[in-house]
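There are two complexes below, and they share chain A, which is joined by chain B in the first and by chain C in the second.
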Partner chain A sequence: MSAATEIKTLIIDGKDVSARPDQTILDVARENGINIPTLCHLDGLSDVGACRLCLIEIKGQNRLLPACVARVEEGMEVTTTSERIARHRRTILELLFAERNHICAVCVANGNCELQALAQQLGLTHVRFPYRNPALAVDASHERFTCDHNRCILCTRCVRVCAEIEGAHVWDVEGRGADCKVITDLAQPWGDKNSSCTKCGKCVQVCPTGALYEKGKVGVEHPKRPDFLPYLNLMREAQ
Partner chain B sequence: MNLEELQQIASGVHNENLLFDFEVNVCQGTGCLSQHSDDIKAALEAALAASGKKALIRRTGCMGLCAAGPLVLIEPDAQLLQHVTVKHADAVINSLGATPVAELQCDLRQHFDDQDHVVLENSGRIDPEKIDEYIARDGYQGLVMALTDMRPADVIKQITESGLRGRGGGGYPTGLKWGMVAKAQSETKYVICNGDEGDPGAFMDRSGLESDPQRVIEGMAIAAYAVGASKGYIYVRAEYPLAVSRLTVSLREARRRGLLGNNICGTPFNFDIEIRLGAGAFVCGEETALIASIEGLRGTPRVRPPYPAASGLWGKPTLINNVETFANVPTILRKGGAWFAAIGTAKSKGTKVFALTGKIRNTGLVEVPMGMPLRQIVEGIGGGVPEGRTFKAVQTGGPSGGCIPAELLDIEVSYESLIQAGSMMGSGGMIVMDDTSCMVNVAKFFMEFCMTESCGKCIPCRAGTVQMHTLLTRICDGSGTMDDLDLLVDLCSTVKEASLCGLGQTAPNPVLSTLRYFKQEYMDHIVNKRCTAGVCNINHAAEVIA
Partner chain C sequence: MTQTITIDPVTRLEGHGKITLYLDPRGEVNNAHFHVTQVRGFEKFSEGRPFYEMPALMARICGICPVSHLIASAKACESIMAVEIPHTAAQLRRMLNLAQMVQSHALSFFYLASPDLLLGMDSDPANRHLFGVAAAYPELGRAGIGLRRFGQHIIELLGDKRIHPGWVVPGGVTEPLSSVKRDEILAMLPEAYAGVHLALKSYKEITYRFEEEIAHFANFPSLFMGLINEDESVEFTDGALRLIDANGNIVADGITAHKFSELIGEAVEPYSYTKFAYYKPFGYPEGSYRGGPLARLNIAKSMGTPLADAELRQFKQLENGPVRSSFHYHYARLIDMLYGVEKIEHILNDPNILDKHIRATAGVNRLEGAGQAEAPRGTLMHNYKVDENGKITWANLVIATGQNNNAMNQGILQTARHFVRGGKMTDGILNRIEAVVRTFDPCLSCSTHAFGKMPLKIELLDSQGNFLDLAQRN
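Right after this comes the complex of A and B.
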């Protein structure tokens, strides 16, 4: 196989690693047990490089690169944590917490939330920015699921899983800037009788926060299973 | 079409002009049109018919000095008339071959003499909808020469030699970009002209498209030949209806003359252009967002690489350049790369068009050689700030740029020196501010712009601009603290370094540059609760108690 001859070697956090040329820095780091925080990335979905938590440094380059989309290059020297990166990551999380209403104690995802987990992992103890407390709607029109925009971090995982895996493309984003909002169909209620939703629940499973949840389930009863995707893709490829 | 046929068309136009004793050019750019210069033209025509004189009354594009509009230029003696109204029509026609109308004389020699018109050479001189007038001023010679005499690689060589750099803001070497697209392996390639122009205060590209659309079309055709594309798009915002209608006519005219379409100039080269309308989002000027928008998707930027040169419109190699970049191309081909490279500085070649606005006498469009000191543009060409006011700063680069203070007015305009001064060239907006401008408020204005124009895709820009705006608002209204200032600086760093696209990456620049040169104004607001410019509405209660 010609690809085999093209194996690249690089250094991540001082560790020599090897990679296929089509791999991202994130792939290779994780293969080698190096943890890089991510939010918008999910194995099995296309990458958008939007949350910017996975930014890493490359020696000789002033610009930070998102590890989830940046491809490996021969001889690259990658640093996944530095004072500078840590500062940006914490600030990004703070910005998220201040942006909408992430009140963990009263959230269905409490204990099962990737945002909450990252905040703990990165040692976020307080938020320096004023909370914006927007008054956002909750769409409970669907018979099985609820969409609470107050908890949405606009990672677009729901949009991508629905379009790329389920093939229904129910979700999209409307608006600009702080007014962005995920919508179902053309901004119709999720439970609308003409909705294109297949009720598969994939979006609920991949949502990193309590924005999308199954009705009647709270906290520990609501473990999300975003890891089904790689298996699903593998099975589809095998067919 | 060959050079000889172009020559014939040109002499046709010249011969026709010989029938007239005078040319009365009436500016029909957006600025003058907004003051009903179309009615003035009609009135002049009526007066002319009554007078029996032989004059050609011509609709032209922008003459540049919008502040003095509506403008009328009388040839052969290059008499520029300002603030013309319908009432003056008879007097203007009567003055032909007689004494000029004294009250309308516009005597701003220095304004024009210090300029160097390459891109604007036809603006205000030809009827933008008449392709033959463009041809009569050497138009399409570059394309015909390229197609009949040069290989694509020779064209790219000329552009590279010219040292032309992207006029859309980034200043990327144009020859290098063309070479990349030319080398990309693909049956299908595209050429896109970026006419989105969303910066507040900028109107260079609009004016170029309105005043000399054929120049941009020719530039695109030359580029298409050089990189091997057969399809082009001009992306213009729908808020530019005049540009759109003139482009539509011009594309039809170019097809009629066989300068667009199949087998152009009898060669195997095929090329045609379609117009795509943007809905006026600033971020749609970013190249990957613009491409998504043409594809019919939501106009949000994506991570680069891959760059459009490798994978652009519908995944095909795509050349995307700014309007002004393309507008330089025909002249470079006609006069040679070396000619162009002789203008400007070591690293910034050619001329640059600026939209001069704000607190300045001669508001309008100017084109100057790179390397000209800012002072000469502001004080000489621009005529300085209005009587009784003092100059404070000039803002370049729009929401991505910064404010340059009086003490730096002697720097030259070039990509490098502007960046060094904490600003950037941007697409060419130049807003002059005097002592009635509060620099904190200016920073807030641009932050508000970035906040509302952020596409919302990435967190640092979407949420960071909102918080920066909140902090600036607090400082402006007198409730800001030193902690707020620290937080602001900290946020600038994250938004700059962590944002996905240029909008977020440069959004902190207006704050950073005003902090660099006008920190005292921030301190005045925070510590002394005072806005020296008298712009911010600070509650004086605190002052009274102390």
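Right after this comes the complex of A and C.
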């Protein structure tokens, strides 16, 4: 039997669903109208399981799994919402807020931010952890864009879109743990005269927060348009 | 034996302040200090931020007059960009600034000052608040609330939010005005006119009761500073600064934002976090001056609108030369409001007001920029330095309240010397000392809290700090 005809059947939140074997639990859940929150996942990019917001429970396994990288299996019983999952998602969000300097009121992405929207959706009213308040510099050297590490959640969408779609691989990640940081080229200023940046702006459009943005834009006037990605992929496949 | 009297907090002000009166052994007031007890730090933590974020960032200083900060900051940014904003954008901003002035003045006059004026300085403190005014003078209470709503609603219509609208940006504004919104504002004007006229009429009817206060509420010769147009009419958003002396002679003229720092210095006193602005050529404290409504009207030859001009002529009759008593800030504030409503109507009838060209764009073309505008309580100046990428390396803000700081201190001393006798304090005397500060409508920590009644404690201490007496209002 070919893969195209092989169908897996599983249960998500009590609902019987079917899937191709190459699909992730996140894909199948969304196909069936079951919402699982995500931040690092973006349709059109590879998945890395970085943000862990899509954690789900699978019957028979004690460990929570990220739905964006967990493949479907025959007979799986998946739960996407439970008290335990909600607690984990909330804690992850709180840690994201505590890690850097997310000041929504004066952020360029205010009202257009996926992190902010998710916090509102999950009813996050307080952060229980002490804020780290790191002193992070803004890279404003690029003629068109600005990178504010204070608002970066290390989802690596910029890294992936630049490498996988644009093919320039300007962005990467340096450091470990709390010292992790996205960098351009070999940690050179984004606007360096020898930069390999093509100025295409894809990284800006996929950034879920106000970390990457068009220079001079403020608040409500800066919605991101990451929906170009699936279309771009489709057009390329068609060629 | 000397005594110290502390008034903490001073009530019906915007923000938190404290007054200390120092008495000599005879119980007469020897000195007085007005303390602003909080530090904010905006100039420091804006360092490293891209300059175009500054308007939104700096507006967070204040919930009462975020628009003043937005405008002064945007103008400083435009000076860095070296651009002139489109005419329509300038007019829309002017309207926003006037709307804010009207709502802020309504807050000052009706919510904070009118309990003293209408109910009396010695009236029962339990009722000496806006609700007491509304109970005794329902029409005036409604007018005050209506005028505040008028200003706030215009701000909301233009900038989508009543407080901290994000609409003013370096280069202009983000959205043009729609005809629907223009018509909505035009429809609000008759009620606003009626409110200001009622306030003016009521104020004129009661001023005769306050001759003693007029004579002793920061009534002294001083310099005055404010923005003025080339035709010598009053200005809030553009124009240049003029400084006059106590006799009305021009001391300095055409002070643009760039010249501001050359001519205006800021002194620091150990008892307050608010600096003391002064005119450098005269030194400190001789170069201290007053800003705000009284100063603006003392400087201007006309308002530029017919109804306010008629009031200005009456105002100029109060004294021979510039009006010196700070009590008349209240009257000047009402004239400002009348001008604001008239000018808003005038701007809305500008044939280009719905134009879609409302924003100029540019990068960093200068490494330093300054902008100034009239905040409700006086001139506000923002001055920034940036690196070649447009990140702020240094920022300095000269706030209106700082420019009246010396006058407020002098005013408290003058009022306390006149009313405090033999170390005796009554509630009415205490209230007058607070009321002299209220005439300036200072914005201390810049919050929207307008408490009609705050807990107030006065302690009488001897020179060793030993407790003598306590007066308390809960």
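Definition applied: the second predicted complex is superposed on the first by the 237 of 239 C-alpha atoms of A that agree within 3 Å, B and C clash if a C-alpha of one lies under 4 Å from a C-alpha of the other, contacts with A are read in each partner's own complex, and residues count from 1 in each chain.
What we mean here is this: a residue touches a chain if its C-beta (ideal position, glycine included) is under 8 Å from a C-beta of that chain, and two chains touch if they have at least 3 such contacts.
Everything numeric in this text was worked out from a predicted model, so none of it was measured.
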Partner chain in contact with A:Gly191 - chain B first, chain C second, else both or neither: second
Which superposed partner A:Val138 touches (first chain B, second chain C, both, neither): second
Contacts of A:Arg52 with chain B and chain C, given as first, second, both or neither: first
Chain B versus chain C as contact partner of A:Ile92, first or second or both or neither: first
First, second, both or neither for A:Ala178, with chain B first and chain C second: first
Contacts of A:Val218 with chain B and chain C, given as first, second, both or neither: second
Of chain B and chain C, the chain that contacts the larger number of chain A residues: B
Touching residues on chain B, where the partner in the complex is chain A: 281, 283, 298, 302-303, 451-460, 462-467, 470, 487, 490-491, 493-494, 497-500
Touching residues on chain A, where the partner in the complex is chain B: 47-52, 55, 63-64, 66, 69, 84, 87-88, 91-92, 95-96, 98-99, 128-130, 132, 153-154, 172-173, 175-180
Residues of chain A defined as touching chain C within the complex: 105-106, 108, 110, 137-138, 140-141, 143, 146, 191, 215-216, 218-221
Contact set on chain C toward chain A in their complex: 48-50, 52-53, 55-57, 60, 160, 164, 166, 169-171, 174, 361, 363, 389-391
